[in-house]
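Can you keep this structure in mind? I'll have questions shortly.
Each chain carries a letter (A, B, C and D) given by its place in the written order, and its residues are counted from 1.
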Amino acid sequence: MSEKKRLDLEYSQLESDRMRINVGPQHPSTHGVLRLEVEIEGEIVTEVVPHLGYLHRSFEKHCEKMTYPQIIPYIDRIDYIAAMNNEWPYVMAMEKLMGIQIPEKVEFIRVIMAELNRIANHQIAVATFGLDAGAFTPFLFFFRDREYIIWILEKMSGARLLYNYFRIGGLAGDVYPGFKEDCLNIVKQVRKTNAEVMDLLIYNRIFIQRTANVGILPADVAINYACSGPVLRGSGVKYDLRKDETYSIYNRFDFDIPVGTGEVGTLGDCWDRNMVRVNEMEQSCRIIEQAIAQMPDEGDVQSAIPKRIKPPVGEVYMRAENPKGDLGFYIVSNGTDKPERVKARGTSFVNLSVIPEISKGYMFADLILILGSIDIVLGEVDR
Amino acid sequence: MGLLNKLDDPYEGGGIVLGKIEDLLNWGRSKSDWYLHFGLACCAIEFMAMNASHFDFMRFGTIPRASPRQADFIMVTGTVTFKMADRIKILYEQMSEPKYVISVGSCSNCGGPYWEHGYHVLKGVDRIIPVDVYIPGCPPRPEAFQEGMMLLQEKISHQAIFNKRKKLEAELEK
Amino acid sequence: MLANEIFEQLKAEFGEAVIEYNDKQPADSYVVVSANGLFEICHRLRDKDDFLFDYLMSLSGMDLGENVGVVYHLYSMKHKHKLVLKVAVPKSDPKVPTVETIWRTADWHEREAFDLIGVHFEGHHNLIRILCPYDWEGHPLCKDYETPEFYHGMKVSY
Amino acid sequence: MENVNFIYDLLGKNFIAIILVISLPLMFVLVYALAAILAELKVSAWIQERLGPMRTGPWGILQPIAEVVKLIQKEDITPDKANKPLYNLAPFIIFTGAYAAFAVIPFSEYFVPAGINLGLFYVFAVGSISAIGLVMGGWASNNKYSLMGAMRSVAQLISYEIPAAMAILSIVVLASTMNMQEINKLQSGWFWNWFIFGGPGSITKIWVIPFTIGLSLIYFISSLAETNRVPFDIPEGESELVAGFHTEYSGMKFAMFFFAEYANMFIVAAILATIFLGGWNSPFDTFMQGPIWGAFWFISKAFSVVFVQIWLRWTLPRFRVDQLMYVGWKVLLPISFVCFLAVSLFVMLK
């Protein structure tokens, strides 16, 4: 028997008593009202049981009772951090179901809005991830920038957080004068802050020690769990709906899909997932710049649609690349102005289900980081 | 004894000494409010923005505390579901007196957009815990948070510590 | 591979268990299979080299009035093709075999469908409620669901 | 050697004088803690492009006072299942540990509360008392988070005392005394006489300077761990353990933890200032040297160290518990041994 095996055996006989602790629903770093029932042995996590539903707001019930345009505000409230991106798959699904052609300018504005919101979402994700690791200041740097993005979105839609801006067949309003300059300024500011945070947080030695080789998610496990977005890409799978299942006008832009590289640790660890988000901000900046350059100045922002939206009997499943992964809507229409069934495939709901799998055997402090690296939003988990 | 009575009389006039002490104590409580680090839903994101550099909630003297024992007030930021309602009750009971509640957003005020068909949504957090200040909006803007915080501070600074009954009667007469 | 080709191949292999193929919809076409053969079909869909449906996008429960249905949206990371599977079982005996051993992601989706619609997934290792509280009564997304008046002493309706 | 204490000189060594000598550090602790709390709020705000408390007095300078006024009024909760005697005793023990250490801190040439010869030894002995308080409070709270926080903090305190003690021991070897006042007196003159630069001596000391600077860094890092500051704040790491060992404490008992934390910060800063940075000595020989100036120099040096502690807190992420142990036992301890060896060699050759 080798020395290592002997030690392992000895260790396995040295089991101490296990302790079950409840993390949440009120806990500073569960990102909302998630409850994790954690079994720990000393500091080592041996079992994690997530309990959801503390924010179950009966979204799908509401959809059955509302008319199609009325559903959009509820969709904002699913993933309230990236509301613009949320609305997109729903309106695309409706347009596909009803066969509506939308004007070109609308596509451009939608792309810019979605990418701006993607940056804002990733800023929160990286900021709170830093907060989980104990670094408070990057959080505020990111929030300072996010505020500038929010100002643009507010000028466009009138709301700071939940926009209700994408409508079936178009948009709620046209761009305001000076929109292009604002966007270009944001891009500059985002790049500047990213460079700053690279030094302060991402390549900080303590941060690397904390996050590298922690919470490793192999690619096959990630696919089997149907993870998507940065969680899947962090494991090295080049899968992005904007390229793989090109929707809207994403084929006109030149951008890369950042994937995890295992630069400082193992492929698919927390650091990789976080780094994918940071790199995606840069790619979003590129898309915004190109879209601003190509965007037509003139044009309608609403195509002609019937006043009362009554799609034909049928069903459609449409998904789009949300900042957190692919958000899908399964809409079943029964021919009236209210849907028969709307099912939202919550990205965070699916991504979170991988937690019990990848957090076993790590320290309790790592569990918090793994949770943070998955970037969940509880509104989407519980719907 | 006329002078003394004027200075410190629990039954007549406020009393200068007690009144001043009361002012000091109220000042301390109103200027130093530690809130429970606790977010429920969409409003919590706006509350995070509120804490960040642009709006800087800490200007009011608020500090986040993760433990309810050390918190002075709880901000119910978002939709309260039935599954969560039991926990909010527990959290509120764990807080040490004097404690206050700010209900943020339509959802926790009255159920918000989920008032009609939300089978799993509590229609207003005031059904389970007493609320001091309501902040409307879905979600409220950071300016509304500031207003709500100032209202809470004003409420605390006029609270009666001594002569509670007397002040209550005086208010009722109004 | 297109959905109708997949249907042909499945029909050739499983016969009776694959019921029909529908492409008359304005949007997505789908394949209806029977509950008995579901597990084998799913297994074959994942593992056969021509299919390789390794990614379960979504699993939705449906209340169809008399029946309850389950809809599977599949995707292949390699071939980039999609398939919609449907299965319907009577409401009196809503038993569908679980696919959580094929796609681990189905675990929580199935719990959700059980919670909201009341589909019973046979063989699921931990079929308990996921969104509603563990002591909640009824399945809220059923069309005939009636909201309870009180929950733990709290009034439910406005 | 006689230690000068201006209160005894003025009043004689009677009862009132003793009370005065005891209460002066206490008053200092209270005033200092208020200032440090304000500094923490304000410095963090400035680092993060905020303003910090602004609405309590001019520029928010009354904020800590408001906080004390409020904490006095808060309800004092003792959890039902807590071990009540231990639970109630713990904050007092921690505060006592922090306060007792002030007895040997030389504030000025003419004021040190008790100039005992084993000053540094005493500081270390008393500093360990707070570990008992922590584990008492954490265990008696009957809360799992508290227990974990207490366990972590005791492990951390014990392991980081060793490199800190090695660093101090080296200076003791160099100064050949444990009396803090004596150590101060040795460092008089220009700033290159400070022990961070090898202490008083001819130009031949130049090769020992890297080691003494290293020792001061080791002591500073260990002191961060001993006071549970970032990046070693895992006992109360907010994102994991809610509030660590004081999760269940409220009101004045929590305030005592709060005060003790800041008092501890000052003590380690004061020790660092005394043994490495010349204590109450002016950096420029006789310029601005004297009893009052001494207090000024001492307090400003200690405050600079406290400022660096605050600065680090708002800059760095937090270590994990095993990495913390790794840093303590496998990095700091060997380096401190090497430095100790070098310093001893230097003393032998001198």
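Keep this in mind: contacts are C-beta pairs under 8 Å (C-beta built on N, C-alpha and C of every residue); 3 or more make two chains touch, one makes a residue touch a chain.
Worth saying up front: this structure is predicted, and the values here are computed from it rather than measured.
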{"item": "Farthest chain relative to chain A (centres taken as mean CA coordinates)", "value": "D"}
{"item": "Chain centre separation (chain B, chain D; CA means) in Å", "value": "37"}
{"item": "Inter-centroid spacing, chain D versus chain A (mean Cα positions, whole Å)", "value": "44"}
{"item": "Distance from the mean Cα position of chain C to that of chain B, given in whole angstrom", "value": "47"}
{"item": "Chain A-chain B separation of Cα centroids, rounded to whole Å", "value": "33"}
{"item": "Where chain C touches two or more other chains at once, by residue number", "value": "131-133, 140"}
{"item": "Per-residue multi-chain contacts in chain B, two or more chains", "value": "37, 53, 66, 83, 116, 119-120"}
{"item": "Junction residues of chain D - those touching two or more other chains", "value": "48-50, 238, 242"}
{"item": "Chains that touch, pairwise", "value": "A-B, A-C, A-D, B-C, B-D"}
{"item": "Residues on chain D engaged by chain B in the complex (per definition of touch)", "value": "41, 45, 48-56, 60, 62-63, 65-70, 72-77, 238, 242-243, 246-251, 254"}
{"item": "Partner chain C, residues of chain B touching it in the complex", "value": "82-83, 85-86, 110-111, 115-116, 119-120, 122-123, 127-128"}
{"item": "Touch list for chain C against partner chain A, complex", "value": "25-28, 30, 54-58, 60, 62-63, 71, 73, 77, 80, 84, 103-105, 107-109, 112, 116, 129-133, 140-141"}
{"item": "Residues of chain D that touch chain A when the two form their complex", "value": "44, 47-50, 144-145, 148, 230-231, 233-234, 237-240, 242, 314-323"}
{"item": "Of all residues in chain A, those that touch chain B in their complex", "value": "25-28, 32-33, 53-58, 61-62, 65, 73-74, 77, 80-81, 124, 139-140, 143-144, 146-147, 150, 160-162, 378-379, 382"}
